[in-house]
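Here come two complexes built around subunit A, the first alongside subunit B, the second alongside subunit C.
Presenting the complex of A and B:
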């Protein structure tokens, strides 16, 4: 009786996941194994590895994959470097300030991702706020290339996903007993050493989940790289949407999506293993 | 071994001062307890000594050297926290090695000293475990070992037993005291538990409201408290408010409601009133009509080796503790015998 109750309680969530996550995944997998269609049909009869073969044969598609993963890694690194001091500051701020800072960190999430990304185009464009100001001040004569390149994409992605780094870090840092730092100092550690040897390693669970979260969100994001990268920066995610919607190549798009998912999964697993905490 | 001196220590956070100029001397190898209710400034004092709080005024001396402006990491202290504050990401052995690594002790020596200290705190089999896999008492011993392995000038303990259950607390009390004696380290121990303070310390410092109310040996604090507040905080105390009949040569004679007279060591003028303290176990029961005072048993609690009585008298309700073989039922009329040699006058509280 008592053993069955929890199963009953997770049934709605399990049902939701089965019908709207598992089944679609299986569908994608099956679709990726179908043959390409002819005469405007999205796929043809029979099964095979055609779609995968095409992906690995065409450099245009294949080269986008490491590039996409690299953009994800750089975005994650930028978020960590920007987010950690921020989280540390919020975690040690007084109660009143903490609420306010928390709100400020969360506030970008209140605005849709399309609008936020579009906002960056206003700032970064050739005739955008930054270039226009610098030009008016006489600092530059030609506009700086701030968007339609990796720089702009990483910048915008980092902005969009920073809260997803800060929140787990904050949760982790706030859970640390302040006496631990004091104990380290009483044992002869300077502030810097306390951070290096105690605070940072103890906050690793937050670093881990923040990094994984930002990485998977960054490589799978579509709107931001599409708006900021334009036609120049083609991430695998953009190519998947192109294949599925514009070119009507369902098996090929599915195969590409799966390759991206598996690659990202491998990177996440490698990262989790590298940062494994025996003490948890 | 180090001598610690606090000279007119003041700590203020802007409002009412947390410490109102306390002075204290802790001798070589002494075990001193700071005892008081929460908010009395005992922890603040400890944190000032550790360097986690900056003193507003006054000085802290270690062996005559002023260390009040030094950073905590430069003070050469070992500290045990109420939460233990173990490093969760390090094993027991690594926790102990941390302070030695900070002191740039050679690796081979670290291993040797860690092993020795693990033995001292009886944790050798747990060297490779992470703190999470240890019980509260074991974590407590890791914290002790970590503070002692660096052989600090002084050992500071901030309510280290507060998170343990009663049985373990008793065990650890003896363990800490034995360890301290063996190592011979000057120790300052903060607690709100009068039992802990009295059983462990060479010197008990009772603090109220940011000030030292009394400093003395456990016997002095218990038997001859300076004020009613101290008397009541350190154990159970009956305070009898009695008129002075006669006085002279530093002694005062007070009269009890029944007419019996008692002599106590206090300068007083006839006609004034004195607060006389009698501990529950310093009052004996006698047959009704006998003794210094008459009363009726209103409550009787059997405590195993002793019995706690509550007895209504003309001096108010008094607590009396007798050996378990002294029997008087609830409602019985009894006589109370006071021990003149152990009566002690205390200054009444302003509010009382």
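Presenting the complex of A and C:
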């Protein structure tokens, strides 16, 4: 159809994204190259690599980076292990059940991240539901340390981001023709073989996008590690927010955020290359 | 093999419980009669809901969040629907670029987008005054959801009806109002509900860009939870959850069945 393109339709959205997403992100890059400010100013005149040099020189900040990435990787693995059976179940469930199960998986998304993290503090705290129950049953005498550590943070993060793993998995699993599995079974393949040779390879795009989504969301989350980890689990994202909001160190905070983004990007690329080499 | 399947089924049930437990526990805790969050609850009571209703900070926050979400949703609905129309009907070769651009706020980490906006608004001299930055952030966060939902409902529709109306003398506007709009109503409703919920619940953008004065509900709740452990926060959360559920069910009843 050769008609005049109504560019006015796209202009407001394109303008919004250009001015309030793309320009601000470029500005963060520029900010990270500015000099530290003095007298309460967020940054000073001139450009340089000061902010990056400071980040790599101070162990307090540098050591949080691998820890943050590690938390992200573990959270992603937990989500995959918990989410795959769920996605498989929903994909093969009858119509009546599918709606309900789908609703359960999506339900965390309808509840704010602050409330969900709060729910975990009620469950995991020293006098929380789990410790109280175990104590009343006489299984433990002293409360288990479930919160204010990596364990609690990973558990809560996995809960918060599980829907983002299940949804792409479900999308890729629903595309599989059940006849393929049946054919393999009738030719003598065991259920496990069908899963290993047919189902899992076909669902690989879902695994990939689910993992990447959860990983990126997990390393850049703030509320959950802050509430569940207390001040004891420090992630780069928490340090970035502290540096920018509390300490007013704009170039330094920007540099730290960008180092995190680039490291995460490298891990994502490595993951994509690894999974593609194996499965294609 | 039987055992393996039984174990797998058990595992699935546990995961479903894992998904629902933290939310259920918050709702249960809000009916606790005691002063602290204890389990099992020390009797049932609505006292924390009464406390919440008398707490101006939370009441202000819930109203503030609702107004902010409604305004952001309204703007997103207009801009997002226009973009969806362009994407489905007119984008041609640029379709993929348009889609990625519109989904950028969803793909990029929210907290980083918030920080980028903070700098940007200071650099252009507005800062966090008049809540312009906060509002812009909320529109950005909600835009992808409107775009996705309207796009889905548009893709199933043939353009023929509108072309027919146009050839019979209807203006572009009339054709849109009388033909396209009713067809994409379910997409608008779902997109609008999603947008409202996202704005109502979003944390990163509000946390960084809130400025001084009133703050959205998730921020007030977060501030409260850092130092307090009474079930009042649970009552606030329960009200927020019910609020969301009502919105979802209402949209489903009104538009879901027709789609």
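Criterion: the second predicted complex is superposed on the first by the 260 of 280 C-alpha atoms of A that agree within 3 Å, B and C clash if a C-alpha of one lies under 4 Å from a C-alpha of the other, contacts with A are read in each partner's own complex, and residues count from 1 in each chain.
Here is the rule we use: a residue touches a chain if its C-beta (ideal position, glycine included) is under 8 Å from a C-beta of that chain, and two chains touch if they have at least 3 such contacts.
Since this is a predicted model, take the numbers as computed values, not measurements.
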Next on the checklist: Going by the contact rule set out at the top, does A:157 touch subunit B (first), subunit C (second), both, or neither?
Outcome noted: neither
Checklist entry - In the superposed arrangement, which partner chain does A:114 touch: subunit B (first), subunit C (second), both, or neither? => result second
Checklist entry - Is A:185 in contact with subunit B, with subunit C, with both, or with neither (first, second, both, neither)? => result first
Item to check | Partner with the higher number of touched subunit A residues, subunit C or subunit B | outcome: C
Item to check | Partner chain(s) touched by A:147 [first = subunit B, second = subunit C, both, neither] | outcome: neither
Checklist entry - Can A:87 be said to touch subunit B (first), subunit C (second), both, or neither? => result neither
Checklist entry - Between subunit B and subunit C, which residues of subunit A are contacted by each of them? => result none
Item to check | Of subunit A, residues touching subunit C in the complex | outcome: 3, 5-10, 12-14, 16-17, 20-25, 27-28, 31, 42, 82-83, 85-86, 89, 101, 104-105, 107-108, 110-116, 118-123, 125, 127-129, 132-133, 156, 159, 162, 191, 216-217, 220-223, 227, 237, 240-241, 244-245, 250, 253-254, 257, 261
Checklist outcome for this item: As the complex stands, subunit B meets subunit A at residues 50-52, 71-73, 75, 77-79, 81-83, 85-90, 98-99, 102-103, 130-132, 143, 146-147, 150, 156
Next on the checklist: So in the complex, the part of subunit C that touches subunit A is made up of which residues?
Outcome noted: 1, 8, 11-12, 15-16, 18-23, 25-26, 29, 37-39, 78-80, 82-83, 85-87, 90-92, 98, 101-102, 104-105, 108-113, 115-120, 122-123, 136, 139-140, 143, 147, 197, 200-204, 207-208, 217-218, 221-222, 225-226, 233-234, 237, 240-241, 244-245, 248
Checklist outcome for this item: Per the touch rule, the subunit A residues reaching subunit B in their complex are 177, 179-180, 182-190, 193, 197-198, 201-202, 204, 277-280
